[in-house]
Amino acid sequence: MAVVTRETSGVFAIAPTPFDDRGDIDYSSLGRLIDFYERTGVTGLTVLGQLGEAPKLSHTESVSVVSYVLGKTTLPVVVGVSAPGFAPMRSLAQEVMAAGAAGVMVAPPNTLRTDDQIVSYYQGAAAAVGPETPLVLQDYPLSFSVVMTPSVIARIARDIPSCVMLKHEDWPGLDKITTLRHLEANQDMPRLSILCGNGGLFLDFETERGADGAMTGYCFPELLVDVVARTAAGRREDSHDLFDAHLPLLRYEQQPGIGLAVRKYVFKRRGLLASDAQRAPSGVLSEHTRSEVDYLLERLARRDPRVVLVA
Amino acid sequence: MAVVTRETSGVFAIAPTPFDDRGDIDYSSLGRLIDFYERTGVTGLTVLGQLGEAPKLSHTESVSVVSYVLGKTTLPVVVGVSAPGFAPMRSLAQEVMAAGAAGVMVAPPNTLRTDDQIVSYYQGAAAAVGPETPLVLQDYPLSFSVVMTPSVIARIARDIPSCVMLKHEDWPGLDKITTLRHLEANQDMPRLSILCGNGGLFLDFETERGADGAMTGYCFPELLVDVVARTAAGRREDSHDLFDAHLPLLRYEQQPGIGLAVRKYVFKRRGLLASDAQRAPSGVLSEHTRSEVDYLLERLARRDPRVVLVA
Amino acid sequence: MAVVTRETSGVFAIAPTPFDDRGDIDYSSLGRLIDFYERTGVTGLTVLGQLGEAPKLSHTESVSVVSYVLGKTTLPVVVGVSAPGFAPMRSLAQEVMAAGAAGVMVAPPNTLRTDDQIVSYYQGAAAAVGPETPLVLQDYPLSFSVVMTPSVIARIARDIPSCVMLKHEDWPGLDKITTLRHLEANQDMPRLSILCGNGGLFLDFETERGADGAMTGYCFPELLVDVVARTAAGRREDSHDLFDAHLPLLRYEQQPGIGLAVRKYVFKRRGLLASDAQRAPSGVLSEHTRSEVDYLLERLARRDPRVVLVA
Amino acid sequence: MAVVTRETSGVFAIAPTPFDDRGDIDYSSLGRLIDFYERTGVTGLTVLGQLGEAPKLSHTESVSVVSYVLGKTTLPVVVGVSAPGFAPMRSLAQEVMAAGAAGVMVAPPNTLRTDDQIVSYYQGAAAAVGPETPLVLQDYPLSFSVVMTPSVIARIARDIPSCVMLKHEDWPGLDKITTLRHLEANQDMPRLSILCGNGGLFLDFETERGADGAMTGYCFPELLVDVVARTAAGRREDSHDLFDAHLPLLRYEQQPGIGLAVRKYVFKRRGLLASDAQRAPSGVLSEHTRSEVDYLLERLARRDPRVVLVA
């Protein structure tokens, strides 16, 4: 089975979990979504992240979603296994790794404050998921209120051999990428694969700073793939031109609280999801908001021909 | 099956979950603990609260602990079903109510801020656990960072008929009890059973203010039972005298972060738990701390003859 | 003296406080900045906000900055008077209103949680600054951790006649504007002037939703003025076209932590500030960051001819 | 002028700021209070802390209170100079040190998260108040949300020679004292004077763990003085007996939100303050609460003959 490594690059699309209007998991939409992701050229998938509404699934449902995805694709799949305690984290991690996942991602609980608390939490998490399981460190202060300095990330990378990837979404975070790459160059820490989140809001510069790619859920993963590829090919202006065309929508989708609703709505308009329903608790998009998204899609379609919508 | 009601009074002891030194659930200690609680004269039990290390149990373990307790006692048992989403909350609530629980307790997620968010969250939770399931509202700002004014609690009590009990542990909270009882007297809200937490730190006055009793886990539930009974009997001085004798230990146990460790250690010294182990992540008591607890027990034994310890 | 009213519209530019490299206030740059703002067509100025580094000024310096600005311009000037207690808030408010300010702005202390606490805090603040002083309510949860629902804002607007303006920077906040305008239309609250912040990140839609304009500090206030004017004139596409051209830079400037540093750097490159120094504690821009800003300016210059820079 | 040093021990009483019922500073009560403190045998005083309502004073008032206190007593006086920026911190520190203060105390802003941020903030603060000014580090996570590990405190102690004292009020914090004393013994950090806060709630054990005394504002400073002295004299049981007699009141006073109101009320009942008024924003004690304090005083009077009250 393919696993994520320190050298992994490209785009891992964070997949939403499709529900039907009664709140049941919609596997047929999920299947369509996976076929779509494969066509876009993403490198891998991430499931059961926050934006996959993981906390709203029962354990049985979580395992079922992962099994379905692993059975459907040969892409490497990272699974979010964050949990309030190590026991449920361990049991989910063991099941999904046995089923063929490529690694697990763990977010820090928002009670962590000091550097030592953070390092020690990840040591516990790594022990819980097992030393053979590739671990993705999720650094997202805006959402988790846990702030990791580059030196803490370096400590984690040194102390925990199974930690091979950083999901980077500190904000501002560009200098953090540069600093981490310097620490690696000076052999102060082993290399980490750095994939960036934040909805892609800074991907144009993150790739230039040395990130290996993106792990996020923007509703046009094609854009993420292209920006990573163009930067890698040295086509700076091309990369920014395309990025800037998407930025108005990307920014709109990145609003906390309604971002996932926007994303599901666009996926529905792209013909991928049968419904844009979320499980409670969730926000719903007002008519006004939907019409703004429609307007942004309309404007985007003039600049990116891949914007093809269903009624 | 007995369920909790708006008139429930007395002491609900919050039971810790005993583990052996390998981290497995120790059902033999759990059985001993339940027998002990019954002897102390508590009115009921609460399991799977935060201090029952609920988030560290897998779903299967949670259900197993509840089944064991319900099979072992005829006391009413409240079960903590807090969860990051309503789907896992619903499935746990349904299982434990079917097994004979007396009600479920729900803590607010720490992202709630406004009055409307709080009310709407509890509406969702009540719908999730089902309209027939007695719901205990947990009001604990120090731990959850969610502040509920008396008027919000009144709105919840009015809007959600199944919400019959308040686990009160706001701090300071004495005037809050008085205010809620006034609102009830003025028919601005239906009566709630009010059981107080905070480790019992203000139970001497809370009972005088109109609370119906305590729901907390102090390592001498006998003290809680006596204070509630003496206040109810109008024996104010007697109640305070006994309370004050326990206050040095009670205060020591109430330290956030190590409170549960102190509690388990005392239960071990009382011969109830085979081990005071907690599941990770957890603190451990230093030798110094244990000797301070021993000293407090020694001093307490001079004033309360029920303090009998094993080596 | 002009004061802000419920009907105020347009753009209030939030002015940074210029320092020289020794950390002293640079009045000559401040003067140049004010002349520049007047040329851009802004409606008013805001000084001593967070981005004016107000907390880093002594009381004497604060009063001196305000006096200088008021002496230099005839534009209405809103002054930030947030303070940890009402006594220093009162004394600053009295001095600046006596000197000719157009109103004062008050941010909520981050300890406020409940609706009642928020309303009661603003009642105290309004009493402190005096019933004749126009009060601007600052709604910025991302920075202050205080969440105000539309109904709380409506209560404040009803209870406090001197509160005439909302500085709106909730995020997401578009539906909030719509809801507030509905409440006003239904006469559930008096009209408030709504000026939007958040660096302008959603100004394209905020103006369409009914906001009266912007109060923010983006380094090209010309853009803010144009978007407000074009939306008001019904030139939707024109408004979005210009907005989208600025969005890459606007988004870059809006990063918490370094936003002010970027803004001062651009003002320096526009020839307005002699130095981009901030007072401690502050971040400094890395060389890498500066070169990214330069690149964004270069790209912007191709689409907006007003981008003229000095070496 | 006496300054605080690494060897300072005993009790620094945190003095409240007396106001009359119109909210003006009541210097006559302040004078009476200082005379009283001198009679109790405290080692020093602390003014303009949070419980001195410092943020509610204007700069002029702050300086005036400090001057009055310094003119009235020969006890060393520590002054709280916490401020949102270094410029006002510097100006207050310079004025009070010139007037004869014994040192300054600085609380961390609640935005600090990482170890590096904390250390760097205190480096900035030490530079602001001047290298000759003894600096007291305030470690109070419950109130400030900033968590300092022993290793961070050790870094601060090593990096900042002027930092000579720790105001310790972490909770739980007993092992922290032990750890810091070990670090000192191993020469991993220079010695700090450790004075404990938290209203004295753990002073019985803190002194046994190696703290040098207390810096807090309990309404019977005599108790603090006695506990420190008895522990120092090896009279363990005596120390705990007296401490336990005060614990019911001490615990009551330590409630966040109303603690200062209780304290001022008791000082009024002790004939020291003419009024227990606080400046807004503040809570007021309900009649019910006052009667509970009266009851606790009554009970305490039976065990400590120094409890003498006025009507």
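Here the chain labels run A, B, C and D in written order, and each chain numbers its own residues starting at 1.
Just so it is clear, contacts are C-beta pairs under 8 Å (C-beta built on N, C-alpha and C of every residue); 3 or more make two chains touch, one makes a residue touch a chain.
Keep in mind that what you see is a predicted model, and the values were worked out from it rather than measured.
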(Q) If each hop has to land on a touching chain, what is the smallest number of hops from subunit B to subunit D? (A) 1
Q. For subunit B, which other chain has the most distant CA centre?
A. C
Q: Round to the nearest whole Å and give the separation of the Cα centres of subunit A and subunit B.
A: 38
Q) Between subunit A and subunit C, what is the separation of their C-alpha centroids in Å? A) 33
Q. Distance from the CA centroid of subunit A to that of subunit D, rounded to the nearest Å?
A. 47
**Q.** Two or more partner chains touched - positions in subunit D
**A.** none
Q) Which part of subunit D faces subunit C closely enough to touch in the complex? A) 53, 55-59, 61, 83-88, 91, 110, 120-121, 124, 128, 279-281
Q. In the complex of these two chains, what residues of subunit A are touching subunit C?
A. 171-172, 174-175, 178, 201-202, 204-205, 209, 240, 243-244, 247-248, 251-252, 255-258, 286, 288-289, 292, 299
Q: Using the touch rule from the top, collect the residues of subunit C that touch subunit B in their complex.
A: 113-117, 141, 145-149, 151-152
